[in-house]
Structure formats: C-alpha cells, structure tokens
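Here the structure is laid out as structure tokens; the discussion comes afterwards.
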Amino acid sequence: MKKIEAIIREEKLDAVRAALQNSGYYGITVSEVSGHGREGGLILQWRVGEYKVDFLPKLKVELVVLDEDVARTLNAITSAARTGEMGDGKIFVLPVENAVRVRTGEEGDNAI
Amino acid sequence: MSINAADTAWLLVSSALVMLMTPGVALFYGGMVRRKNLLSTMMMSFAILGLVSLLWVLYGYSLSFGPDKGGIIGGLDFIGLRTVGQEPSSVYATTVPHLAFMAFEAMFAIITVALVTGAVVERMKFSAFIVFSTLWLTIVYCPVAHWVWGSGGWLARLGVLDFAGGTVVHINAGASALALAWLLGPRRGYREKEPMEPNNIPMVVLGAALLWFGWFGFNAGSALTSGGLAASAFVATNTAAATAAFTWMLLSWIHRRPSLLGAATGAVVGLVAITPAAGFVSPVMGIPIGIGAAVACYYAMLLRARKMGVDESLDVWACHGIGGTWGALATGLFASVAVNAAGANGLIFGNAMQLGKQLLGVAVVWVFAFAATWVLGKIVDVTMGLRVNATEETVGLDISQHGERAYGGMLR
Amino acid sequence: MSINAADTAWLLVSSALVMLMTPGVALFYGGMVRRKNLLSTMMMSFAILGLVSLLWVLYGYSLSFGPDKGGIIGGLDFIGLRTVGQEPSSVYATTVPHLAFMAFEAMFAIITVALVTGAVVERMKFSAFIVFSTLWLTIVYCPVAHWVWGSGGWLARLGVLDFAGGTVVHINAGASALALAWLLGPRRGYREKEPMEPNNIPMVVLGAALLWFGWFGFNAGSALTSGGLAASAFVATNTAAATAAFTWMLLSWIHRRPSLLGAATGAVVGLVAITPAAGFVSPVMGIPIGIGAAVACYYAMLLRARKMGVDESLDVWACHGIGGTWGALATGLFASVAVNAAGANGLIFGNAMQLGKQLLGVAVVWVFAFAATWVLGKIVDVTMGLRVNATEETVGLDISQHGERAYGGMLR
Amino acid sequence: MSINAADTAWLLVSSALVMLMTPGVALFYGGMVRRKNLLSTMMMSFAILGLVSLLWVLYGYSLSFGPDKGGIIGGLDFIGLRTVGQEPSSVYATTVPHLAFMAFEAMFAIITVALVTGAVVERMKFSAFIVFSTLWLTIVYCPVAHWVWGSGGWLARLGVLDFAGGTVVHINAGASALALAWLLGPRRGYREKEPMEPNNIPMVVLGAALLWFGWFGFNAGSALTSGGLAASAFVATNTAAATAAFTWMLLSWIHRRPSLLGAATGAVVGLVAITPAAGFVSPVMGIPIGIGAAVACYYAMLLRARKMGVDESLDVWACHGIGGTWGALATGLFASVAVNAAGANGLIFGNAMQLGKQLLGVAVVWVFAFAATWVLGKIVDVTMGLRVNATEETVGLDISQHGERAYGGMLR
Amino acid sequence: MKKIEAIIREEKLDAVRAALQNSGYYGITVSEVSGHGREGGLILQWRVGEYKVDFLPKLKVELVVLDEDVARTLNAITSAARTGEMGDGKIFVLPVENAVRVRTGEEGDNAI
Amino acid sequence: MKKIEAIIREEKLDAVRAALQNSGYYGITVSEVSGHGREGGLILQWRVGEYKVDFLPKLKVELVVLDEDVARTLNAITSAARTGEMGDGKIFVLPVENAVRVRTGEEGDNAI
C-alpha cells in the first residue's frame, strides 16, 4: 500500500475526484492547506496601499492505494490537476505498512 | 402648507430605516453566494449606496419627481436640489420639508438598484456593473417612478395604486434581474455540480432581519404622515412578513425540513407582496397576502430553478418580480377606501375595475423594465463586456475585481 | 380622544425597535451555542417572530387586552383585529391609533417567547417547540399580560407596578425556562466534559448591542407618549444597562479577567432589571438597580451552574427570572410619584405597601409560569416528545432538524 | 418653555441611533485587526459604552454642560443628574426634556472615547485603557465639549461653529489618537512583515453601515428639533457619506482595484467631514465636502503609513483628525445663514472671518487634545504601564487580557 | 517508530483521546478534514429543493508511536472510534525514520 | 527523498520559513492543526466560571527534501522553532518513495 498526497489547486478538486473515481478510488480525504512555492504570492489591498500574502490556498488530497495502482493513480491526478501554470502543485508517494477499516476491523489491503 | 414636526420626525426616521435596508441586502445576498464572491456581492450594494445617493441628488430626483412632462418624466427643475429646500413641496408630502421627502425617495431608488444585483453576482464585471447601474437608474427607474408616483405620471393618473413600491421597486427589479441574468449567462459550473452552497446563513438571517426592520420605514413611512394610516400600514407589513415566513417554513417542512433560509426568504417575499398594498388594505389582509406570496414565490423559484434555463442566481425575479406582482394584484383585490380614502376599493369591495388597473400597471412595468434592461445590458455587453473572464470567475470576484478577501489571517 | 402624531411616531418607532430585539436574541443566543446548533438556535427566534406575530393578530391581543373577563382574561372582541383600527382605543394609549398599541404589544409577546428558547437550545425537537410555543403563548403569556397590563386585570387592580415587563416578560420567561429545562433534561455530554464553548462571541456582542438599542423602544416606548416620562425611562434604561455591564465586567475581573461575554451578559441583565422600574424611578436609580442586577444574576448563574442539577443552557432563569425579580422589587423600593404620577411611591419614599404588592406580583407570576409551563411541557412530552434522539443531537440540530448548515463551502 | 412631543421623539430616536454607533465602531474596528485581538478590540468599545454612560451621569454632563465657569468648564450643579429632569433646560434644547438632551450628549461622549481606541488596539493593557479613558473623558473631552457647545464656552462665544462634533468629537479623537499611539509604540512585527491583515471585512462593512445609519441621529439629531433644519442636515449627511465612499472607491481603483474596505472607510470619512457642517451648509455641499474628505484622508493615511514613524493602527488621526479638520474648515467656507439663521456665512458668502474662527477652533483643539493626551498617557505609562508584555501581545489580547477567544469550537 | 493516521468521526474524538491516554499516549495532533467514501453524502436544503454534499466532516488524528505500541494503539483507536455504520473511517500506519523534540533537540524514540 | 513534518507554534511560522529559505527550501505546505501534549491546556472564561480547552492551535509544516538535506533542515527548523517552553512541538521524518511535479510531470528528485 502507498499513500498518495497531492497538493492541488482548489478549483481542481472536482476534476481530480472524477479522475480518481474513474480509476476506482472513491475513498479520499481532503484538507485545506496553505502552500508556498515558486508561484508568486497574492497581492491584496488595504485601505491605502497593498500587501503581499505569501501563502496561497491549496487542497491536500490524501488517499491510500494498492501498490499496483500507484502509477495509474499518479497519472490520473497529474493530468486532472494540471493547468501548466506555476502553482499546479506536487504529489508525493509514501510507503504505508498497514491499514485498518474501523467499521469492520479488516486490516491490510482489504481495508482500502 | 406648514411643517408638521411629528410627520417630519417620522419621515426622517423612516428614511434612515430604509437606508439600512441596502446594507441589509448586502448581508442577505452576501451570505448566499460562495465565499470567494462574498465581498464582491456586498460591494455591489455598498457601491450603489454611494452612487445612487449622489445621482439622485444630481438629477434622479428631478427626473422622477420634477414637474411633469407629459406624464412621462419629471422636468429638470430639481437638478442638484435646486429649489428643494426646508419648506414643503406643494405637491408631495406637504407637511414635511421637501428635503425630507427627497431623502425618503432616494432610499427607494438605492435599494431598487441594489436588489437587481442578486441576478448578477459571482460573474459580473464591476466596471460594467457601475456603468449599467447608472444607465438603469436613469432610463428605467426614474421614468417608472415618475409614471407611478410622480404628480402627473400617466399610470398614477389612470389610478394604478402602488403604496410603497410593488411596481416601481419590486416588479421593476425582478423583471430587470431576469433580463440581465439572461444576457449574462449562467455562472461557471452552474448545474453541473451541486448548487452553489450559501457561505453564511446567519449572515442571510441578519440581512433579512435588517430588511424586516427597515421595511417598517419603507411601508409605514410611505404614509408620509404619522397617524392612523402609518399604523395600519405598519401592522399590515408585520403581519404579511410573519405569515409568509411561517408559510415558507411550512412549505419547506412539507418538502423535507423546516428551513431557516426558507423562513428568511419567506419573510422577504411577504414584505415584498405587502408593499404595494400596505396602506390600502386592512392590516389583517396581511395574512392572505403573506400566504399567497410564500406560495407563489416558492413555486416560481422552483420553476425558475428546474424549468427555465436562466441562472438568475439569487432569484430576484421569483422573490421580487412574482412577489411584487402578487402584491399589486392583491391590492386590486383587497383595497378599501375605508382604510385609505385616497385609495380605491378593490374587487372584493365590488370594484373590479381596480384589478384591471393593477393588471395594467403590472404589465406595463414588466414589459418596459424587461425590454429596457435587455437593451441597456446589451449595449454594455457590446461596448465593454458584462462578464469577468473565466480565470477571474474561478479565482473569485473578491480577489479578481477588488483585490481583497473576506477573512484574512495568518494563512488562509 | 384624538390622535397625537408625535406619540404615534414614537410608538411606531418603538415597535420597530422592539421587533429588532428578537433577531437580537437570535444572535445573542446563536453565538453562545455550539456551531452545529447555531441555525437551530436562530431558527427558534425567527420562527417565533413569524408564529407569534400571526397568533397575536388572530387572538393573542384579544386574550390579553380584550375587554376584561373577571380580571383573569380578555374577551374575544378583538379577534382577528376586529374593531382594532386607526382610531385610538378608549382605554389603552389613548393618543395613538389602536393598531399602533396592538403592534407595540405584539413585539413584547414575540420576544418573551423567544427568550424562553435559551433554555431548550441544542436538544429540543423543532416540531415540539412550535406546539409548545403556541400553547405557552395562549395559556401562560396572554393571561399574565392581562393580569398585569390589561384594563381590569387583577394584579393591575391590586396596584402591582410593571412598567415594561419585569413580570410579564422576564419573570414569566425565566420561570418557564427553568421548568422546561428541567423537563427536557441536560444536553448530552453536559458536565462530563468542558462546557459547551460559545461558537461566536462577536455574534453574541452584536446581539447584545441590538438588544440594548431595541430596549430603548421597549422601555421608553412603554411611556406610550413622547415627552418627559419617555425621556426619563430612556435615561434610566441606558444607565442601568451601562452600570450592570461594567459591574459584571468587574466581577469577572475579580474572578479572573474582564470578560466581554460577561460585559454583554451584564448589559442584558441590567436592561432586564430596569424594565419594570424604568418609568417609575428617577433615572439615576439605574445605578443601584444595575449594580444589583449584575451581582444578583452573576451569583444566580454560579448557583445554577454549580448547585442546581438543571442544564438551563443559556441561563434564562438567572438572567431574566432573577433580573426581573430584582427589578420588580426594586420598583417597590425606589418608585416615586414625582417621576410618574400614575405610579406609586416605593419603600424609600415611605410606602412599604408597594414593596408588598410587588412581592405578590413576583410570587404569582413565578408560581403560575413555572407550574403551567411544567404541565404544558409534560403534555407535549407525553404526546409527541420534547427531545430529539441521541443521533440527531450528536449530529447537531442544524442538520437533523433543519437540513442546513451555517457555513457552507467547498469542503466543510 | 414647554415640551414639544415631536422634537422629543426625534431626539430620543436620535439618541438611540447614536448609541448604536458605538457597537458600530466595535465591529468596524474589530473586523480590521488580527483575529487574536478581535474580542479585545470590541471590548474596548463595549466597556466604554458602560463606563462613559455612567461617568456622564455622575459628573461628565455637569462638567460639560453645567453652568459656565469662566468659559472653561461647567459647574457641578448637574452632578448625579441633580436638577436634570423631565422639564426642558432653560438654555439647551429648550423644547425637549432636559434628560433627553443629556442622553443625546452622553452618546457623543461615549463614541468619542470609543473612536480613540483605534489607535491602541492589539497592544494596550486593558487596565491602563480603563484608567486612561476615565482621565481622558474628564480632562480632555468635558472641557472641549464645554468650550464649543457649552453655554458660555469660550470657543462658542468666539463664534466657532461645530454643528455635531467636528472639533469636539473628531479632531479631539484624532489628535489624541496620534499622541497615544506615539506613546505606545508600534505593534510587534509592524512593518517587518506584511501588514496586519483585517480578519473580517464583512464585519467592517456591517460596522460602517451601522455608523452611517446612526449618523443620521448624530447629525440630523443635532438640530435638536424636528423640522427643516434636521431634514437639511440629514440630506447633507447622506450626500457627503455617499460621495466620499464613491470617491475613495475611485481612488483605490485608480491605484489598483475598487476596494470595499476603501469604500467603507470613505463613507466614514465623509460622515466625519460633514459632521461640523451638516446644519450650516446647503445639503448639496455634501458633494464637495465628501470629495475633499476622501481625498484628504486617503493621502493623510498614505502619509501616515509611509512617512510618519507611528503605528496609529486603525488611522483615527487620518480619518477623524484630518476628516474633522477638513469639515471644520469647510464649514468656514460653505456655511450660509440661509440654511441656519443661528449659524453664519462662510467665505464663499463673503465672510472670511468665519474661516478664521474655524481655523482657531481647529488649532485650539488639535493642540490641547494632543498635549493633554500625551501628558495623561505618560502618567499612566509611568504609573501602571500602557502596554501588555511581549508574550501577551504575541498570544493575542483576547486570551491574555480577557481569557476568551472569538470563535470556539471542538478544536480551534 | 510508526506514524498512525486515523480518519475518524468528529464525535468520536473524545473517546479516541481517552483510549489513547489509557494506552499511554497523550501527545496527539488533530486536524479537520473532509472525507468521501462509501458513506453517502449529506443532503442539505436550499431555499427550494435540496442538494447533496459529497464531503463529510471528519477528523484526522495523527500520532507517532514506538514500534512495539502499534498494535495496541490500533486496537485502542479502532474500538473507540467504531459505530458499525458506514463512515467510521480508516487508520493508516506509516514508517517514521526519525523524530525530534523541538524544545530539547532530543532525537529518535526519546522524542516521542 | 524524505518528508519532514514539523508541528510548531503558530507564532514561529515566519522564523521557520526564513530558516528553510536559507537552507534552500522555499516550497512548503502549511496547515492549521490542534495539538495536545505535555503542555497544559488553555483556561478560558464563560459568563461565570471558567473551563479548560485541551487542544491548542499549532501549525503543521510539511516539506519534502532530498536525503542529503534532512539533517540540515531538521537543524534549521529546530533552532527556529524553539522557545524552550513546553509545547514547542515535534518534527517527524518519513520516507518518500516518489514525487511528481504536476505542472511538468517531472518525477523523483527533480520534482522537489
């Protein structure tokens, strides 16, 4: 099992979800994060003058997949989340040693 | 005539109450959009409070209430408030300073334009909005206000009754909203996914509460004097609002669960519907008018959402267009000269004619507002474009149009 | 008598101000519950605004202020506002339209029911709440209002003084809240863990501010005329609110730190306590009344939280029951005919009798409201059940009762 | 003189409206600070509402409006409201109860102190704030109010015009804010990083809306009677607010994008600037006064932020100090006895003297307020310390000063 | 050391915390996430009509434990978080290579 | 590649960011979390009386770094985030098997 953590643009969530569902994964966990990277920050206005906000809102999509599905899932996310502009985000793959489905107590691959 | 201090106090208070309704609209609408467009939605109402206050003083009041030109429009005598002073007008609200009447009417013009914004939130370009609003005030609002309320206005002369703005404010706003939403096209993602969830329902409720509060000035203030008629309009207003709020709550309950957003919407449509009738009908008529408003607007909204292809985003048409229409017709049904000698009897008091007049008023304003708005919108679209571009819309109008975000913090 | 336009303007404005207090309660209470019950808490007040407005017009006003039947209840002559018109009543507020007096009193009935909701938030079934409220208005509020304020009401005849609702509104609400909370039982998890943290203190403060603002109509409007008495009640009101807010702040500071939630609560209990006294005492008496209110309610709240086994969630009893009791008794202490010739002298002006009368009024309303509420609550409990089930309570009443959530967004 | 019920109703309503402005300030300022200081910022205004209401009744009114002592201060005759009763005063607002005038003036004292808080948010110790405010009311506000508005006050006698508080309220608050911010020093992290982002712009807008609404009472109420002058001041007020809001929006647009925070700020500075002029100038003069206010305050704010080394956090000086100065001078330019016979003609009506008098009033209040505040602040600093310590500031004043947080929840 | 990431129902946090404390772990980090899985979404109302929200609020509980405590901890969380209904959530176990306690600079097992 | 997850005090974000930037990492992802540890909770006030809040606001800073940069990065974060008081937080190091830059599709070390 691997855990896939994708940092994506907020507006790409629907596309990514659809792509994942197409590759058979509907179980995902999403959280609101703030990212800083190559992409420039946001210029906002105050009553007079302006200021820069360094962190931009991003979403972190987490899902655990079977080893054999990693490549497919990465492709699905990558193509769904891409705009080609800076700030499209990153995907990381982490090893997972075990998983448990709380409802049933099933462990390992069955829990996913 | 000389000034009556009590009438003046009542009209000034009423003007302040009506002024507060426009921030009420900002909150009511602001809470219903997505968070990324919250400021942009509030800004539309707030900018209108500035812009229309100013234009009204400059020429709007004069076009609407200046000396009649052929029943169609007011003359330019009151441009820049010339001759509008501390003495009463000789034709309008003759017991209060002319300036007080002018101020009261200003607040109506402001909120009418603010109401229209519900149709265009989340996608209209702010610059286009400002230009459109200026044109709309001048070419749609002022003439209609003159026709119905201006001394010598042709609809007024025909005997169309509109106590506080069923045609001038609500039908006008509702029909225009529909035309403009149609021109603008739907928001990106409209109907593809789940509806655009309201970002802040408590804010909607606060907005509705301020509207209800301010509406006492709107309707009871429209008596233009303090006394029995104002009290009667006050009670009619509260009764209709309450009845419609409760009815809408029941409708949502029948359908699924009693909804707070529904109750708040119900209150507003009840207030809309009682507006033209408030000073012509017996206060207890607020009950049937409120029930009718909730039912009519509820199903109009369902119809709009399911059958009509237009993303009239916050349902100005269903709430104000339909609510105002029902109210104008209900005036033709329930009006009584026993309540207001300056009014007329309605159908149930044996005067079917009045219903006909009301129908005429409704039809004229519907057609004129829809058509004129369509033309004005088209002109703005062709010359400067009505909509933000796709990226701006996706990012949200708060940042793309105003360079601001509603809730700042260390991170998000 | 003929209509006085200034008195009418003042009473209409006051009615609008009191109306705004119910949304004020919605915010004040809404900010103090957990977020999952925010809409449900606001909905209780908002639904009451609809329901009671309507019932009041239909029969509530008649039961309370209709021609007296044996000192106990009003007759049915005013059902559906029959004979309640633009002319003044011959017994109540004889210088303003009868409709204006009716509207003013409507707002009192509404807010009293809304106040009770503080006891039942976060666990009462909405359907049961609507049924209970209808019964309570009819069987508890209307009679008590008649006894104290109705022409011919038995407590009024005995000389019990209640300028703006210490017994009718506050003790009535407070005692009923206690009975109902007792029947309902505590919220799940109450006292097992940390207290239920308020979700939005700025919202509580906004609610308190609207209450303070509206209370000028509540108390100074209860003069029913514009003039010296209204001004005196106005100053007494502001002074008591301010003093109690500051006193509560100091109490929390002594205990730990100056609390904003405490200051807002203090303002409200000061307003509660001055309510029965406002038009009978010299305005500077707002100071001792305010201090007494803050101290009494603060310790009552501590007592309730630590010693009494009842989860009277937002402390309606401690704030309104105790605050109203203190205010009613303080009226018996500080009242002066120099302030209001229609009142009486209190103990410090040598009339110990008045304190006795006030005690009687307090005791009667306490006992009646508590007992009647207990019986009504029990009936509703047995027939339809008062509480939501455990899952509904855990999920939160916003979703389980109303199918809505306060703050929508892309994700949460 | 005898009481005029209409004037009384108008002044009581106006008092209630002005009272609401202080919670308006709480929201306006609260939305602009960082979230960790939101409650603390609101608390400053709310505590002042309690404290100053009380001090005003105890002695503030007497110092300001008691029988004149050498043009400098009022006598102690009105201490504890002694002899301030339901009958009119013989010198102030002679058609309304003396208590009504007292209440109206109380609200001005309250909001003036609340305005100053904008300079000290996010770092001032709450205990020091309470002590400072008490001193400041006594030693700065009361004398200045007496000089300008007290019967026999030396600036009044010289003919300085200030209709509703350009000098007494706004310059007083603005100059004092600057002095106090200077003493306090900047917030930690000020200018090192991005500016401190406003936590809640919708809250700022709601605050601005309540200010605008309440300002009708502030300015039109300052006519102290209901009639032509009140109506004229009402229109001037709305026109200036609207024009300035729109102008500031344009300024931000020229710079970058039309800003809602900017429009809300613009409305406030327009209201500030029209304050001294409202009842002396023709209403249409609200237009140049509004434009001037927006431009002057916009650039003053830029100057303060970029050139002056002082963290006057919410720009009380730029908004109220500069706005009030412009308004006071504009009164000297545009005043007309045709509008208000009790006023004077300004420069454009040939009376250059008046501008000189206005300049004198401005200079006196500037210098006195700045210097006296500096001394009082220094005394408080030396004796008890003005600032919280570094940890308290980092954690935020909500938790460190008040033991509360704005938004509670299961987790954050 | 292993990192345990448990996605649980919001209302189960107290039970999970108590269970963890019983097994000796009081240091935890919790965040608000949104989850989508087998569990149906939420039906909400609009002024008229209704709509479905796909993501449900969940909590993510993260804690790093010693290798020997993994099984015990999993059991503790599983039994505390279970209702038996769909949506009870999942637990994932990830390897951790090192840990640092910021306050002291201690590394490895001592840092937990 | 390793993933570094640092739980830090809110007020230390700027210092940590600066320290990371000095060691060459400007790409980071931050989220708001709630932590419970040795540090005591927060005492807050109610209208009367007070109550304790167990969870304190913390920030989670996540970044993926090259293997050779782990030690340096840990040092940078540790010294920037330290106050010496309880509640300074923890840092965990997790193995990462792959990374993808969404914008370009680059994988592995190049994606960081």
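Per-chain numbering from 1; labels A, B, C, D, E and F assigned in written order.
The working rule: contacts are C-beta pairs under 8 Å (C-beta built on N, C-alpha and C of every residue); 3 or more make two chains touch, one makes a residue touch a chain.
Quick caveat: nothing in here was measured; it's all calculated off a predicted structure.
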item: Chain hops separating chain E from chain B, counting only touching neighbours; value: 1
item: Pair with more cross-chain C-beta pairs in contact, given A-D and B-D; value: B-D
item: Copies chain B and chain C - rotation angle from C-alpha fit, nearest 5 degrees; value: 120
item: Repeat of the B-E interface, chosen from A-B, C-F or D-F (over half of contact pairs identical by residue number); value: C-F
item: Chain A and chain C, separation of their C-alpha mean positions in angstrom; value: 52
item: Gap in Å, rounded to a whole number, between the CA centres of chain E and chain C; value: 45
item: For chain B, residues that touch 2 or more chains besides their own; value: 4-6, 9, 13, 197-198, 206, 256-257, 259, 261, 402-405, 408, 411
item: Numbers and ranges of chain E residues touching at least 2 other chains; value: 30-32, 34, 43-45, 50, 53-55, 94-95
item: Sites on chain E touched by chain C in the complex; value: 11, 14, 32, 34, 42-45, 50, 53, 55, 57
item: Residue ranges of chain F touching chain C (in the complex, touch as defined); value: 43-54
item: Interface residues, chain A side, partner chain E - complex; value: 1, 3, 17, 26-31, 64, 94-103, 105, 111-112
item: Contacting residues of chain F [partner chain E, same complex]; value: 2, 6-8, 31-38, 54-55, 58, 60, 70, 74, 77-78, 81-95
item: For the chain D and chain C complex, residues of the former touching the latter; value: 3-6, 8-9, 12-13, 15-16, 19-20, 23, 26-27, 30, 38-39, 42-43, 46-47, 49-54, 57, 80-81, 85-87, 96-97, 99-100, 102-103, 106, 126, 203, 206, 401-409
